[in-house]
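In the two complexes below, chain A is the common chain; its partner is chain B in one and chain C in the other.
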Partner chain A sequence: YIVTIRVKPDHSGVVTDGVKHSMNPFCEIAVEEAVKLKEKKFIKEVVAVSCGPTQVTETIRTALAMGCDRGIHVEVSGKDYEAMGPLQIAKIFAALAKKEEASLVILGKQAIDDDCNQTGQMTAALLDWPQGTFASEVTIDGEKVKVVREIDGGLETIKISMPAVLTADLRLNTPRYATLPNIMKAKKKKIANMKPADLGVDMVSRVEVLRVDEPPTRLAGVKVETVDDLVAKLKANGTI
Partner chain B sequence: MCLWKILVVLQCPSMGCCCKLTLMSKLQVSTFDIQIVQHTNIPVGVEMERFADEADVVIVGGGPAGLSAAIRLKQLAKEQEKELRVCLVEKASQIGAHTLSGACLEPSALNELFPDWKERGAPLNTPVTEDLFSILTEKYRIPVPMLPGLPMNNHGNYIVRLGHFVHWLGEQAEELGVEIYPGYAAAEVLFHEDGSVKGIATNDVGIAKDGSPKDVFERGMELHAKVTLFGEGCHGHLAKQLYRQFNLRENCEPQTYAIGLKELWVIDEKKWRPGRVEHSVGWPLNRNTYGGSFLYHLNEGEPLVALGFVVGLDYTNPYLSPFREFQRWKHHPFVAKTLEGGDRIAYGARALNEGGYQCLPKVTFPGGMLIGCSPGFMNVPKIKGTHTAMKSGMLAAEAIFPKVTAEDPASETAGLHIPEYEDNLKKSWIWKELYAVRNIRPSFHNYFGLYGGMVYTGVFYWILRGKEPWTLKHAGLDSAQLKPAKECTPIEYPKPDGKLSFDLLSSVALSGTNHEGDQPPHLTLKDDSIPVANNLAIYDGPEQRFCPAGVYEYVPLETGEGMRLQINAQNCVHCKTCDIKDPSQNINWVVPEGSGGPAYNGL
Partner chain C sequence: TLVTALVRVSLGLCVSGCRSLSSLAELPEMHQMMRQTCRDYADRELGPIAGKLDKEHLFPAQQVRELGAMGVMAVEVPEALGGAGMDYLAYSLAVEEISRGCGSTGCVVSVNNSLYIGPILKFGTQKQKEQWITPFTTGEKVGCFALSEPGNGSDAGAASTLARQEGEEWVLNGTKAWITNSWDASATVIFATTDKSLKHKGISAFLVPMPHPGLSLGKKEDKLGIRATSTANLILEDCRIPLGNMLGSRGSGFKIAMQTLDSGRIGIASQALGIAQAALDCAADYAHKRTAFGAPIGKLQAVQFKLADMAVAVESARLLTWKAAMLKDAKKPFTKEAAMAKLAASEAATFCGHQSIQVLGGMGYVTDMPAERHYRDARITEIYEGTSEIQRLVIAGQLLKEYAS
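On to the complex of A and B.
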């Protein structure tokens, strides 16, 4: 995930051309958890879904190589893709979850490029399903799911009924490597193609990005010798 | 140490020495690590069998040579309506991410490969419009006329961002049906029982720093082929093994190298001259250190310049730091005036070949062949190697195609031996070009250094085109050229000013390099005591200075007296300079887990 990010000269966003795109790390954890649940025979089929331009199929391929059964690529490109945010994606996922009659929707807790932490929660709300977010442990118990959640105060354990939405946090598991033989086998697995319109989703965004800037360069600090100096400096720049 | 060896052999009886080699080279980090391994419980259930697959041709390396070979093979397959499975493995996370070059591309090979490259959208957006050459002194610049006929005259060439060009080649290859697998590093050469090359194996992943398997441990995969092409670029690590195995270097000189460091800058629009090519020699290097600079103005919409500095790795002063020479060169008034007010957006470094004709090894052996910068077809005075690398890949493909598609290849060995590739090379324009310029680089080894070399070039190349009947020799192995530190003077480098020149660590951050932290360091030492006993004691630790990524540091021992070598393997940008220049030849670069390394975007 280490890439050097540059703001576009017109300040409309960041340069993405030629930059290596990878699967979001929390999504990798989500895929791993889904595959683990299938290996433990709690679920029958894992479908990997992603929304975006053609390059997204490579990421879906990695998910298939990790053990998912089939993929769905929802094509969004151009201006729609630039404006796409958590609400549009949540609408797409909600529509797909209903269409596929899924019992669980597992997502990463947040994307590391926008850090929104909204898609999972919005999907649950649109579906009116229970949600187990920031999951660090997931156990299926009959028709219910026990989720241990990482919260600021510690760990919270909840029991929710399925169908449900779960979002994966860092300590849920360690994702397996997508090995070369599995990547080769994944080429034979199916990836279905569709557009948001096929799911009845309108991609209009109600959010308009006005401007993107780099964070201001950090100014050099000043060392002071005594507490009196510190107080004097704080008074001088109006802090106190 | 013995305990670990025996355990490994028992668990993989069919693998024998190959398996041992892979794991052992990662374990030889330090005796400290091996001691830990002795106490670790090797999980009994670790599956040591490797999955194997067959292709007709396997190509190691997704650079210009590897991709051109793959494309040419598929083009021939399409023309002659034959089926051919071509697999290409590349250690970078995406094609182009480990590619770094100036670069002024001579489109000769590209015109042969894709005559319709323009329609296909090849990113050759900047034709060269101006060609400047200078000799720099500390404050001034002496212009040298760029007469047609001089090797570095760039009329008809294009300034390219080679990473983008390679990425485009990758797309063309995939369209033709080449199976490209980025993020998978070829770590081991596989052999048939008759000694011919059977294919390669990718490295095992999920090994912890101490050598033990983690929960996510996975064995690498074997890719078998009738012929395996090795296009690892300059100083490939598998190529090193092949040279020894098949004695490919018995009739040529040892390869000599240079290190190239590069940055991309967005400059003030008023200073931007798209299509301008600037080269310089002289300051800050002295006349006996080969090297020089380049500065190319790209024409891709925004005022972008690609600039860099090359230092010959046959330099003798262990206090020389190629990185700091590069940084201080930018302060020269002629250079600073272009960069002032600009922003640096990328950094990288890579070793390049300087040996040319005299250093070409045998390039074919049973089961495989070497292509591109790995054997080393760079035309040094022209400062171009991409066109010859591509052409070598194409010639390899043309020689291989009839053999791999033949019903009965009539080969003595299980892996095909195709000496026709070498014959075709010798008849091609690559050979003529390299022969004509063979004496220019070695001509720098005279009392007058740089100036002697320039005079030689002017007289013998410009007038005689390399027809002189003698062939000069290079100085020998680069690693043997360093003088002991006490015979040399330390160089006073200016502090980076943060506007034109920068410190090493912020530069490394711009390269986007990263590696999975919990893996054995891929910079292995054959003998742990040598760095302090030899490199530090005699040469004052030159690896601290020639590594462009700050991998090597001599730090005081926690227990008081003495120093130890700290290897920050995560910083490595895969330039291979340490493997080349280490005076004790103790550092052995092996490939880390695939996807690790720099994340260059169009360098």
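On to the complex of A and C.
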């Protein structure tokens, strides 16, 4: 959604109350990939998981409407939710992956609110599983997964064994719109409820946010006629 | 497999602080979800191309297929026949959101659902439903509804198109006018007189595939609005169809038409709501951004009053539309409410279209902004599927019946 993000008056974060939220776009791509793999019969069951307050169930239901089989809502609210970061989420996911005996954990490469790009990698490390991050193509080949990754230098192809963690990049697929019949079916699918404590996860953050500020307002530029003028001006304002 | 997700807070659908949930103030979760999916589709896929579709008179074939895949082209049709199996309230929400993105596409959705599939679903045999509905649920094919003629629009009882029986066939002759979707349709529900002496009780309904020998199309009308839809005459010259293509019983055509239009009114009301909302969105957004007299024009009372009046017009028409849809879903009489909804919504659409241009000033008059398209698209909603004047007659008729005794 297009919303104007405002910094809280106490500079402790951004205002999220009353701001319209939706599923993280990279997570939509991850859900789509999981559903596609199930449609191609490579995987049996897709479980959609989300950590957060009650409102999160709406997003889980959207995932169910896209084709996931069931959902898990890990309830985190209040101060715990404000302090929740990639490490805490990764711990929850690692615990759930073991509990559910998952063969694949597919996440969006990063969340567009904090742009951390850490949860997938941390989850893999905690599980000691191989990881295929920034995936733009995923192919299952027996017990292995071939992942084409988008890296700065171009495309890198790796083959990793399952169980594994994958993170979805932009060009992996185009997420489907939830169809009306699937929205009806989603109503009957189950969403289990649990707390981090049930998974033995401590939510204490190792990171303390000191201050959040808006980027400095961009100042107007100045036009100059010659290179000499440019050098003089740069010297005058202390840049050189 | 596990995924991360952001918190989703639903804004605008729940009246803040409202503890008692009358079903008109907050929609059920499923309806909210389907409304959101249609809104997402309209924002991402229709909004960006609506101007082009309008300018170039392009039928949105690909979008109609995508909407078909989502179940939007056959919302009320049971799943067994290939539809989405949802209720009329869901259908109304879908049409509104699609129309908000593109008024023409909303019209195509409404005509296919209410006017073509609607009567077949209600009056057709199982075989007819499988043959004439199922292929039209996917978006690959759309249907149309041929009632009006050059000689009669509001005067639907005076159908001069004739159908005579010849052996195992019906032979149709005549001309139908103003048929939406005509050039893009693969079938039509068409009304013709089988017994002239019985007047309007002598009209029957028929199913005709398109193209078909004996059925030709007139030239595409060059319209003020909803230009991505095709509107043309249907010309029948000894058009022969099997006896099994009669829809409903002989002589019940007028009844079928009237009942179909009753429901169709809710569809058109929804389309009008979408256009009205789009016009309001455009004006409100502009009021934030455009500065004059040293401040955004949204600070001026003259503009504020317009936006307030537009919002009231849309919201009240919306509640009327939802009520009509809910009455229909509850299998209660809804003729009066459907007519009220269509009247209110279409007049809200023309009002909002007009005022939106006014708020935008000169910018509202040029094609750079969508305000002028909303103005043009809105106008037809007061005319087709029963003019505003006919709606008033229907409402008054129902009212007087209630008071008589």
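Basically, the second predicted complex is superposed on the first by the 238 of 240 C-alpha atoms of A that agree within 3 Å, B and C clash if a C-alpha of one lies under 4 Å from a C-alpha of the other, contacts with A are read in each partner's own complex, and residues count from 1 in each chain.
Methods note: a contact is a pair of C-beta atoms (placed from the backbone, for glycine too) under 8 Å apart; a residue touches a chain by one contact, two chains touch by 3 or more.
Quick caveat, the model's predicted, so the values are computed rather than measured.
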Touching partner for A:F93 - first (chain B), second (chain C), both, neither: second
First (chain B), second (chain C), both or neither touched by A:T4: first
First, second, both or neither for A:S22, with chain B first and chain C second: both
Chain B versus chain C, judged by how many residues of chain A each one touches: C
Partner chain(s) touched by A:T179 [first = chain B, second = chain C, both, neither]: both
Which of chain B and chain C A:V138 touches, first, second, both or neither: neither
Partner chain(s) touched by A:A30 [first = chain B, second = chain C, both, neither]: second
Footprint overlap on chain A, comparing chain B with chain C: 18-20, 22, 177, 179-181, 183-184
Chain C partner contacts - residues on chain A that touch it in the complex: 16, 18-24, 27, 30-31, 34, 43, 46-53, 55-56, 58-63, 65, 72, 89, 93, 96-97, 102, 104-108, 111, 113, 119, 177-181, 183-184, 186-187
Contact footprint of chain B on chain A as seen in their complex: 1-4, 6, 9, 18-20, 22, 174-177, 179-181, 183-184
Touch list for chain B against partner chain A, complex: 51, 53, 89, 93-94, 96-97, 163-164, 167, 179, 181, 184, 202, 205-206, 214-216, 218, 220-221, 266, 302, 345-346, 509-514, 599, 601-602
Residue numbers on chain C that touch chain A, as the complex places them: 1-12, 29-30, 33-34, 36-37, 40-41, 66, 69-72, 75, 79, 84-86, 90, 94
